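Provided herewith is a single structure, encoded as structure tokens, for subsequent inquiry.
Going by the order they are written in, the chains are A, B, C and D; count residues from 1 in each one.
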């Protein structure tokens, strides 16, 4: 398993008139978690795109327990539970400063050739970087 | 069962650098579907808020089949498969103009008292308006 | 002068915890106005992009008079006051259902070659379509 | 004059199909700059809201020089050039890691009583905290 933690501060633009972070904005936060996980491997998603690999999302699932609010400093825990092959599944947990779990979710992406727009395999550099953790 | 259809046109702001609608934006589209369903019952979500009822999201799940693109005219089909009690579960399907299913999902919301922020029951006016369809 | 009107319904996702539409979201609305103006000329911004022309924004200015709220049905009035050459300047006014002016602004975009990313001229098909109105 | 610097990393969700950060998203970034400036005074915008003061935006103006891209680490420089009375005017400059100015703008907000929704004066605690810098 490989896990990364990132901090994010809730922006005013992300709240809605209930006074909470809008439920759809967590998709953006989860993506920040994925980006930072890949950076922690000394790689970048940008690099994958430059290699001609895109990663559209196949499935997303979020369970909400508690609301996030403006200016909250959130912790995004992002984990990979197994090595990716054609797909990669990120497990995300968001906590507030009190350590309470606000929501958790999974996002599955599929490695795609940006020219043919067809599925492909996880790039070797990603597999190599992840192997020590599995 | 009660079903509503709404049309939505993809905005430039909703695309990302893959050239697709960003995966998280469909949460916003699904909400448009819910709003229009409630309007079709001659009710409004605003009205619920004025009655002191909020509806935070408990769970969201989306499966993505095909991308949506800038300026696509999408159809959002929103269905209720059973009468709500304390929770309400909307089933959403998004199609493009060719009738292809782009994604489908479920969003479960919980009726909440906006003062106590505790769960409550679906408002009577909603139940009454839905009953003929079940 | 050439003017177009479009209707837009405020989404929950676009509100913030003040209970108003977030001030930055009007940039998105103004873009909807521009898109619909081009469609009214039987052209599309997509078409320009396919021709290798991008239109990044050079300047935006908005003056806010009154707030927009969830579920408001807004009218976006978009005008061109002169024929574009290298730049195009859209003037936007947003009104609510009572006809009150909520905000007004200008957005100036520059025609850009998407390969060289250098400034270019407005496409001929756009000039031709606009000429009868000036 | 009082100036604050904050860093922000561009998220995938903020890009559009031009491959740039969508022009409207800088309104969100500028707000992050304002929030961090107030935090640097050991105050918070949340605190103002709790005191019954809201700060809707009166005017926004942005001039764009160069695009921001996914994963860029941006610097937001936020300045107050004079002490606020009934309004507060933030001047913002966004730079990339190479120190290039990407865009600059001004945002003017008006102190508003959240009950009466009428203009009011800048809270004393804000004036006191700013006075040493002017």
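Throughout what follows, a contact is a pair of C-beta atoms (placed from the backbone, for glycine too) under 8 Å apart; a residue touches a chain by one contact, two chains touch by 3 or more.
All values derive from a computational prediction rather than experimental measurement.
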Q: Would you mind telling me which chain pair, B-C or A-B, is linked by more contacting C-beta pairs?
A: A-B
Q) Measuring between mean CA coordinates, which chain is farthest from chain D? A) B
Q | Euclidean distance of C-alpha centroids - chain B vs chain D, Å | A | 33
Q | Distance between the centres, which are taken as Cα means, of chain C and chain B, whole angstrom | A | 27
**Q.** Distance between the centres, which are taken as Cα means, of chain B and chain A, whole angstrom
**A.** 24
Q) Out of chain D, which residues touch more than one other chain, so two or more? A) 12-13, 17-18, 20, 22, 24, 27-28, 31, 70
**Q.** In the complex with chain B, residue positions of chain C that touch it
**A.** 9, 11-13, 27-28, 31-32, 35, 44-46, 70-71
Q: Using the touch definition up top, name the residues of chain A that touch chain B in the complex.
A: 17-18, 20, 22-28, 31, 49, 54, 56-64, 67
Q | Residue ranges of chain C touching chain A (in the complex, touch as defined) | A | 12-13, 15-20, 22, 24, 70
